[in-house]
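These are the structures, in structure tokens.
In the two assemblies presented below, subunit A is common to both, partnered first by subunit B and then by subunit C.
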Partner chain A sequence: MISPARRDRRRFLVLMLAPATVLLLGLTLVPFLVSLAFSFSNLSLVTPDDFAYIWFDNFDRLFRSPEFWNAMRVTVIFTIAAVAVELVLGVGIAALLHYETRAVPALRLIYLLPLAITPVAAVFTFRIMLNPSLGVLNYLVKQVGLPPQDWLGTPGMALMTLVAVDAWQWTPFILLIAAGGLAAMDDEPQEAAQMDGAGPIAIFFHHTLPMLYPYLAVAVVFRSIDAFKTFDIIFVLTGGGPGIATRTLNLLAYKQGLEFLEMGYAAAIAIVMLVATIIFSQAFLRRINMFRPKAAL
Partner chain B sequence: MSNAEQGGLKPPSRSTRIGRMLQPWIRRLALWLFALWCLFPIYWLLTMSLKRQVDAISRKPKFIFQPIWDNYLNVLASGEVWLFFQNSLIVALGTTALSLLLGVPTAYVLARYRFAGNADFGFWILTTRMTPPVAMLIPFFVVYIRSGLFDSHLGLILAHTAITLSIVVWLMKGFFEDLPLELEEAALMDGATHFQAFRQICLPVALPGIAAVAILTFLFSWNEFLFSLVLADRIQTVPVGLYNFVGYQQIRWGELTASAVIMLLPVLLFVFIFQRQLVRGLTLGAIK
Partner chain C sequence: MKQKNHFLVGDAQTSISRRKVLKSASAFAGAGLLASSASRAWAATFEEVGPQWASADIDWMSQAGKTIVLNAVQHPWTDAITPLIPHFTELTGINVDVQTQSETEYTAELPVKLGTGNPTPDVYMVWAIGQAITAGWLEPLDGFYANSQLSDASWWNDDDLFPSARSFQKWSDGIRYLMPITAESQILFINQPLLEEKGLSVPTTMDGLMDTAVALHGDDVAGIAMRAKSTGDSTWPAGGFIFSFGGAIIDLDGNVAINSPEAVAAMDAYGGLLHKAGPVGISSYQWVECLNDYMAGAVAMGCDSSNFATDIANPDKSVVAGKTVYATLPKAGDMPIKPNMWHWNAGINSSSANKDAAWLFLQWAESMPTCLLSSAAGLATPRASAWASDGFQNRFGAQAADTALSSLKAGDGDLFKATWFHPKGPQILDAFGIALNQIATGASDAKSAMDAAAAKIEADLAG
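Showing the complex of A and B:
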């Protein structure tokens, strides 16, 4: 027999969880399962009547295609480079901001802008600024005496430019999280170390940084997940070009699915992406243990 | 600074002294250079929108020029911008309302109750955020075309809710965990039902957190591009409208940038008014 109190509790839990669960099942799990089913089929909106299940043929084709491995390579490079730049810059600026005394609210407000602003609008502005002949960036570069660059037109440079634009938008994210960690931190160990004659750089690496790890771990996981599936920036700035130099998995899937309408093949790409993301984030998130409720009723 | 104030037990090491000499102005320079880097694209957009066509496309970019308002007047007169605004407003408000209605109760239970599978449920909700957009887009696209949800406000609201719900749950969970447990415990002892404890005791205290999450959800939906692009055609939200402007390839820089500025105004206003809530939300609750 279940006691009435327990029954009430259970009923309450079910009622509270049900609406979101139903919606998430309907809007994310079902689409995911449909995608999974598509990935085993040759669904194409160009020839919808030839529908058939071809099982692993899509994956076979995918893993044999140089396009896929190129996209994988581009995606991994983009993700690692962007997150690394954002981490170093974000933590560095946050550390400096922590000791700043003047105009901190103004600085914070300014740092918030790239995060909040409509990405398409910001990226569109970058496109104007990066224009090889009319853009302000090449003008400034020439003023300093350097040769002008075709920022989005040469393969290696295009990927670097995309990383820089992503860093423009997202460094503040890591910065704000690191700043929050620093603000919540107890300054005493650093002060003791300073008394012992440790330099600011040594203090930062031996005392400050280790205490920031939990905050940074969360920031890096979320940022990596998002960077891995970046769309706006790449779509608007290069569309994956020049050639396929900046075509990430996400853009490849978009192209196959929504331009060539080869839904089955595109779904296979998306499934591979999802599996990669889940393996990566499981490994990280389990370790930092953010899942247990801290106190319970 | 402490050993300088106390007269110093030891002479400070060389590196500390150098550090102290250089620190303030180097630090300030670095901070403001970074601020300049954050601001420059926005500043440049603004100046482009105030330039004549000849000034905008001059090979030597003009930093000093005679500002004009014609670009803005032309854009506002065409009226398209208002439609984008209207669509974005409907979609973003709908998304915010639906996400909170569904997400807040879930977050509360995840934060407050220990039950079998709590952690797995939490992780599952998070995986919905990891799903690559295309994995959801393709089924959405197929189903929307068949069911008539394609190109409707409701369709976009549902899609945006599917993407934002995980963030709403995780952020709200963080807010609830920060609130003291005692009041609800006391209420339960006094015979209140679980729902009363949630509705009457916890919810009012959690209002600031809910406001922060609402603001973030609104902003997220307002800025969302990919789903709005694919799942609608005539109903263009602000980012899609902006993208289509660019797509025309006719290089009327002035009017393009003026539209961009107009569409950014609500976001800028939002940032100014709600910066504290935004910082909390955008950093996933890491900053109180």
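Showing the complex of A and C:
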């Protein structure tokens, strides 16, 4: 027998949790289930009356498509390159800021500015700057005696440029997390190493960096998931070109869904992206656990 | 990022009726008034121009009190028509909520809206025409044309519309779904001082075009810029090359012809021009980059839409204003030139709850008096009378207008429609765009790229 007081408390809890639960279900679970259902169908907005469930045909078509595997390759390369660059720069700048004493607040503000700028606005500015004939970048390149570059015109250069723009925008995110990790870190092991005669570089790589791993693991997982589904930078700067050299999975899904209106096929791509993201993040977190230093646990 | 501009235009209602106006007298008097006052078209009051619309044997006030939503792209048509809408509201009592978006946002969002049966917008600019008609998103217009309360055929004067515009209205079933709102054709525009400096003349053959482009190409100024980005909407000028070489993308029997010898030769020429005389970074060039580079004097030639003429002639935007010579597309051997063409069209949403009001708007917007007003702002309308007007000729440039008109007449609307009106037009043009980009960047030769595009299109059409 439940007492009236406990019943009231339970009712209160249900009442308080209901809005958040409804929102969560409405904004995440329902769209996911709808996408999953679509991915097993031939839904096309051009011929909605021909709707039928075709089960795994979309996935079969997808895995047989060279376009899909190209997009997967481009997505993986972009994700690894962007996160690697951001990780190195973010940790490097965070470490330098950690030992800086006077100008830290101003520098931190400057470094964090890209995070505060609306991505599309920033990317459009980059588009103007990267314009081969009228952009400021080629103007500067010519000023130092180099030939103008086709920043977005060749497959390799276009991907590198996209990585650079992504790094400009998201390095501050890694910097923020790494700086937080450094601030919370116990300095005793480093001081002990210093007394034992270790140099600053050795201390950084053998003590500081391993103790930062738990923070960096979180940052890498967040950034990887985000980079994996990058859309705005690529859409505005290259539209997936030259050719299909920068056509990522997200761009492929956009084309299939919003240009060709093949909603079923586009949903199948989105489901594959979701599964790939879950597999990657779980595998990465398990791997990180293997070499997480005991001291940090 | 979603950015919509909403203008709820005009609230005033008026008791004006066609029956209060002497029809024939006002038609002639008004036409004279509009032609003579074209330069001050934007300042025209309803009292000045109202009789022109009111002279039609149409019950303009039959839908008074309704509000329709017009969804439009940020485009010269939208810019030209929006300031005139208060006149429409005063004439009909219908309010118009104008919602504009960038082309990218528009083409991504509108199909989803229409695909879910949304009753708004009531009127919209139609982008993927075959897709829209096949999906049933457009209300057939023939019934409205035949409705004597809502239409007046003699006042409308269908013969004044360019034949290509009339052809664009009809789908393969012979039904009119579309109202043409612009007319543009593919033309060549050349920086005349640079041409004269090199002692060159305007090229009339494809070989001559190549020689001219190479001769004009230098360190600071590229010889020619044409669209080469790997997107479907970059393919329009290349389409004109293919047609003029005697080829097709999808032929008139519906077969994939993009890798025919004629099409490959055309793309070889197109890619060769950009290779030998194009600016650095041509791979990311869409029409806007081509226009901007030309207006900045960074390229000597361009081959794109005749609508560029309005911006090129504007000294506030262009350093080559008054220094440009226009020409039709050069001939490829003995083949007749078939420059590409385009009419933007508007249509009525088949799920709209205000179809009659939407029809009145469309009819008003593309009527002779309205086209005369909008053309004075430089808009290339689908009406011959507007193109012949002083206002348009002054704003657009007489030589540009003549060239555009010649090109429009030379274009092959059926070849264009076979591809651009195809129900799977977006997929076909996407594959073509990738091939075009690969040829322009030298990543692939024309034959291999077009074979790959043909295979992809065949697979898409079969799927």
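Simple rule for what comes next: the second predicted complex is superposed on the first by the 267 of 297 C-alpha atoms of A that agree within 3 Å, B and C clash if a C-alpha of one lies under 4 Å from a C-alpha of the other, contacts with A are read in each partner's own complex, and residues count from 1 in each chain.
Just so we're on the same page, contacts are C-beta pairs under 8 Å (C-beta built on N, C-alpha and C of every residue); 3 or more make two chains touch, one makes a residue touch a chain.
Predicted model, so just to flag it, every value in this text is computed and none were measured.
Asker: In the superposed arrangement, which partner chain does A:27 touch: subunit B (first), subunit C (second), both, or neither?
Answerer: In the superposition, A:27 touches subunit B alone.
Asker: Let me test your reading of the model: by the given contact rule, A:118 touches which partner, first (subunit B), second (subunit C), both or neither?
Answerer: So A:118 meets both subunit B and subunit C here.
Asker: Quick one: is A:260 in contact with subunit B, with subunit C, with both, or with neither? Answer first, second, both or neither.
Answerer: Second partner only, subunit C.
Asker: Which partner does A:78 reach: the first (subunit B), the second (subunit C), both, or neither?
Answerer: Neither partner.
Asker: Have a look at where A:99 lands relative to subunit B and subunit C in the superposition and call it first, second, both or neither.
Answerer: Only subunit B; A:99 stays clear of subunit C.
Asker: Let me test your reading of the model: by the given contact rule, A:129 touches which partner, first (subunit B), second (subunit C), both or neither?
Answerer: A:129 contacts subunit B only, not subunit C.
Asker: When the two structures are overlaid on chain A, which partner does A:154 contact: first (subunit B), second (subunit C), both, or neither?
Answerer: Only subunit C is touched by A:154; subunit B is not.
Asker: Considering only the touch criterion stated at the top, classify A:170 as touching first (subunit B), second (subunit C), both, or neither.
Answerer: So A:170 meets neither subunit B nor subunit C here.
Asker: Counting residues of subunit A in contact, which comes out ahead: subunit B or subunit C?
Answerer: If we count touched residues of subunit A for both partners, the winner is B.
Asker: Is A:241 touching the first partner subunit B, the second partner subunit C, both, or neither of them?
Answerer: So A:241 only meets subunit C here.
Asker: Could you pull out which residues of subunit A sit against subunit B in one structure and against subunit C in the other?
Answerer: Shared contact residues on subunit A (touching subunit B in one complex, subunit C in the other): 118, 120, 133-134, 254, 258.
Asker: Quick check on the complex: what are the subunit A residues that touch subunit C?
Answerer: Interface residues on the subunit A side: 45-48, 61, 118, 120, 131-134, 138, 148-155, 237-244, 254-255, 258-261.
Asker: Mind pulling up the subunit C residues that touch subunit A in the complex?
Answerer: Against subunit A, the touching part of subunit C is residues 1, 107-108, 111-112, 114-116, 131, 134-135, 222, 229-232, 279-284, 289, 292-293, 296, 298-299, 423-424, 426-427, 430, 434, 437-438, 441, 443-444, 463.
Asker: What residues on subunit A touch subunit B, complex-wise?
Answerer: 8-9, 12-13, 15-17, 19-21, 23-24, 27-32, 34-35, 38, 89, 92-93, 96-97, 99-100, 102, 107-122, 124-129, 133-136, 139, 168, 172-173, 176-177, 179-181, 183-184, 191, 194-202, 215, 218-219, 222, 225, 229, 231-232, 235-236, 249-250, 253-254, 257-258, 263, 266-267, 269-271, 273-274, 277-278, 281-282, 285, 291-297
Asker: Write out the stretch or stretches of subunit B touching subunit A in their complex.
Answerer: Contact set of subunit B toward subunit A: 2-3, 9-10, 12-13, 15-16, 19, 23, 27-28, 30-32, 34-35, 37-39, 41-42, 44-45, 48, 57, 59-61, 101-103, 105-106, 108-115, 118-119, 121-123, 125-143, 158-159, 161-162, 165-166, 169, 177, 181, 184-185, 188, 193-195, 197-198, 219, 222-223, 225-226, 230, 238-239, 242-243, 246, 253, 256-257, 260, 263-264, 267-268, 270-272, 275, 278-279, 282-284, 286-288.
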